[in-house]
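In what comes next, chain A is part of two complexes: it sits with chain B in the first one and with chain C in the second one.
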Partner chain A sequence: MKLRKVILVLNNIPLTPLRKKQKRGGEKLHIPDGFLSWTWPIYYVIMFVALYFSLKWARKNLDEKLIPLIAVLSAGIFAIMSMNMPIPFGTSGHMLGGALVAIVFLAPEAAVLVLFIVLLVQALFFGDGGITALGANVVNMGLIGGAVAYFSFRGLEKFTGKYPAAAIAAWLSLFIAAEVVAVEMWLAGTFPLDIGLASMGIYHAFIGVIEAILTVVVLIALDKLRPDLLAWNRGKTSGGQKLEESEEVAAK
Partner chain B sequence: MSTNDKYIVIAGVIICLVIAVMSPFIASPDPDGLEKSAEDAGVPEVEASYESPFPDYTIEGLDKIGEIAALVIGIIITLIIAYIVAELLKRRNPPEASK
Partner chain C sequence: MNGVGSVRELERETEKESILHLMDGRVKLILLIFIIVYAVFSTQIVVLAFLELYLLILIYISQVSFKSSFKRILLLLPFGGFIIAFQPFIHPGDVIWTGIFGLQVTQQGLMWAVLLMSRLIVALTSIVLLSSISPMQEVAQSFRKLGMPRELAMIFSLMIRFLFMFYDELHRIMHAQKARCFDAFNKKIPYKWRMKQLGYTVAMMFLRAYEQGETIYMSMVSRGFSDQSNFYQDRKKKLGKTEYAYIGVTVLLVVCLQVLAMTHFYELGVLGMNII
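Coming up: the complex of A and B.
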């Protein structure tokens, strides 16, 4: 990335809050229709492949007792996405929650499933994120967000411990998902690549900190109140044994 | 659903409702990172191809109350849909008609 482009982006940042063309409060958060031009079907294909794996994961691992957790996490992610956090440079951002889901279930497939549900509701009922862009939004926040979080968490937990690993994983998942959006926008011809990478990166580096804090807070709360629901407390062995173990924990 | 699981749903819904009530007041009205990046790059805004019932999390004619109500409706819809989907997909219960 050329430095002068970054400087160009930084120079464009107004000191006064940006013109508020939107009504107060009402927000659009996700990729709208049109931003992807002709590329949107590609992401639908990827989304359906990812959903197939989510389906397989659910049939194998989604115990009866985890159903309320899926429902609550989906509703919670819907809620936190409405909370646009002000960040410097006259912009704002929201959290994704994909990292949280991926770490709670230790499965990126779960993040795809939950984010698909949330994004579908947001697109259909609230006009947030285009219908044609649903595939890309699910791929970015569910698949990429979830997978980056899961693999970085798994890679880091031995060295740093669970919570620092979760924090770094959450930050990375949001940051990388945002940079992928910049690449997608470039492929569609919507943003120039360097400006997209620079500005999406800068803004989301800040939002990532909030995402990291929230992810860790929820994980600590769950670990204190319902340790049996966290995948890291359940055995990593076969399904049946896993269930027995988690029931033992629940019985305590 | 066990009593323990009911608690987690109740606690979760309460937290969601608190966020829904606070969000219209404290959420930043600035455009989000993607939108801001689009502005930096000079991308024109496009009209949505589809008219949703509560565009931009608002209800026509109702100000903050409408925003809160839209969020509450969204939270409840999401909770119910996610519950149904999870119930359909759960372990050892392969759904015939999934989705």
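Coming up: the complex of A and C.
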């Protein structure tokens, strides 16, 4: 009798709201405060070096449109990151956007700039990722994510074509960033390397599917609607050309 | 993550007028980051307990709602909780419990988990307090005054201005989808089609962000903006008595805690033990 009651109760538990409340994938990449022990200043140094070169790149390659553009894009990426999306096997995740920014601008520096601003706001106002862990988070998602996306896209596009290359690059950027988080946790003595690499790897291999599909869909849409925004339509560097030249490309 | 509701709620909290709200933005920012950094380096639970108590007193003084603060901290805890939950089982040390499948809980692992959780709670309380007493724009200005490069500070400040607009934009799109019975989690709809719709939503957001950026740039240029421009800043405000008192009390507390940590806290047993 008791068993029947238990089965009845279990059958009546609504599963959908529970699923909706599940944690989203990308958030496991946001390292909180206290998890990196003494190692966090090292990542700050790397982040500052990356930011220095990113700003240098921005001043050299982008026109004065950079500031409002990067700012508004960061706000857009921030909003996009809040969208919860379904992933096969019942879990859910959200897009990070680092790979998308790196491929659109064809520069990992752009990903570093945008992700720095996004992660700073998340850490300071929403507690998503720690203040002391900001350096590591920017290094993982902006620098490593952006660089992996850019270089794998560049390497693969000749063999596979642009969109398959972008999909693989986006998936790889998330997967490798997740594995780097596992290594950082191990270096700090917070998590064993083998379990960390396996759990982060398997989980983000699925989450990466979202990143890959959405990056490609967004790139296709941009190529159709505003081809001038894509750096691959504008020559070697994204911002090297002025607005008038971009409009000429768009007109074509 | 953060819905538009929480963004708005946060800004409403910052509009209150307590002693802490009225303080200089730089002081609030630096001191709360100082507390987080000290907490991250602390290896004794009792030190973290005192820091948390101090933060709770600050929340009381700032008239920020305890209920909403606790709610926010509780919502953020699971992000680190996943890693903390594993700690008692993976740290080598003295076994205090053996369960099924040979799972063992060690004393060192358990203490490490408690330490990590305590650090996380102190850091999250600091962030909740900072974001409840400082409007986003004030924090951006404080960063600029503290020497953040001009370009980065401008990007930061502009990004905050447009954050609210994009949340509204995203909500409008999502409402329109909901009104047409679109549910991204409905398994009766083919996965490929759902992803396509979500992809177009993201592309739309990206495009609107980009085009908005261009429009903003044009309107800024027409009002005299150039790559040499700088944002208007308040004249350097001198720190008042309340700011000095706040700095004094916080620094004194940290110094006292550190002295006690080195001399007396070990007498408290588990709470004062150095966990490394």
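Throughout what follows, the second predicted complex is superposed on the first by the 188 of 252 C-alpha atoms of A that agree within 3 Å, B and C clash if a C-alpha of one lies under 4 Å from a C-alpha of the other, contacts with A are read in each partner's own complex, and residues count from 1 in each chain.
Note that a residue touches a chain if its C-beta (ideal position, glycine included) is under 8 Å from a C-beta of that chain, and two chains touch if they have at least 3 such contacts.
It should be emphasised that the depicted structure is a prediction, and the values quoted were computed from it without experimental measurement.
In the superposed model, A:Trp40 makes contact with chain C only, not with chain B.
By the touch criterion stated above, A:Leu100 is placed in contact with chain C alone, chain B being left untouched. Using the contact criterion defined above for the overlaid structures, shared-chain residue A:His204 touches chain B, although it does not reach chain C. In the superposed pair of complexes, A:Val217 makes contact with chain C only, with no contact to chain B. Legend: residue contacts after superposition of the two complexes on their common chain; A:Ala178 is shown touching chain B, with no touch to chain C. In the superposition on chain A, A:Asn137 makes contact with neither chain B nor chain C.
Once the two complexes are laid over each other on the shared chain, residue contacts for A:Phe125 go to chain B and to chain C alike.
Once the two complexes are laid over each other on the shared chain, residue contacts for A:Ser152 go to neither chain B nor chain C. 20, 23-24, 27-28, 30, 32-35, 55, 58-59, 64-76, 78-80, 82-86, 92, 94, 113, 117-118, 120-128, 130-132, 185, 190-192, 195, 225-226, 229 are the residues of chain A that lie in the contact sets of both chain B and chain C, per the superposition on chain A. Those residues of chain B whose C-beta lies close enough to touch chain A in the complex are 1-2, 4-6, 8-9, 12-13, 15-16, 19-20, 22-24, 26-41, 43, 46, 48-58, 64, 67, 70-71, 73-83, 85-87, 89-94, 98.
Within the complex, the chain A residues that touch chain B are 9, 12, 17-18, 20, 22-35, 55, 58-76, 78-80, 82-87, 89-94, 113-114, 117-118, 120-128, 130-132, 178, 181-182, 185, 190-192, 195-196, 199-200, 203-204, 207, 225-226, 229, 239, 250. The part of chain C that touches chain A in the complex is made up of residues 1-3, 6, 10, 33, 36-37, 39-41, 72-73, 76, 78-80, 82-83, 86-87, 90, 116, 119-120, 123-124, 127-128, 130-131, 136, 139, 149, 151-152, 154-160, 162-163, 165-167, 169-170, 184-185, 191, 194-196, 198-214, 216-217, 220, 225-227. By the touch criterion given at the top, residues 16, 19-20, 23-24, 27-28, 30, 32-36, 38, 40, 51, 55, 58-59, 64-86, 88, 92, 94-95, 100, 113, 116-118, 120-128, 130-132, 185, 190-192, 195, 210, 213-214, 216-218, 220-222, 225-226, 229, 243 of chain A touch chain C in their complex.
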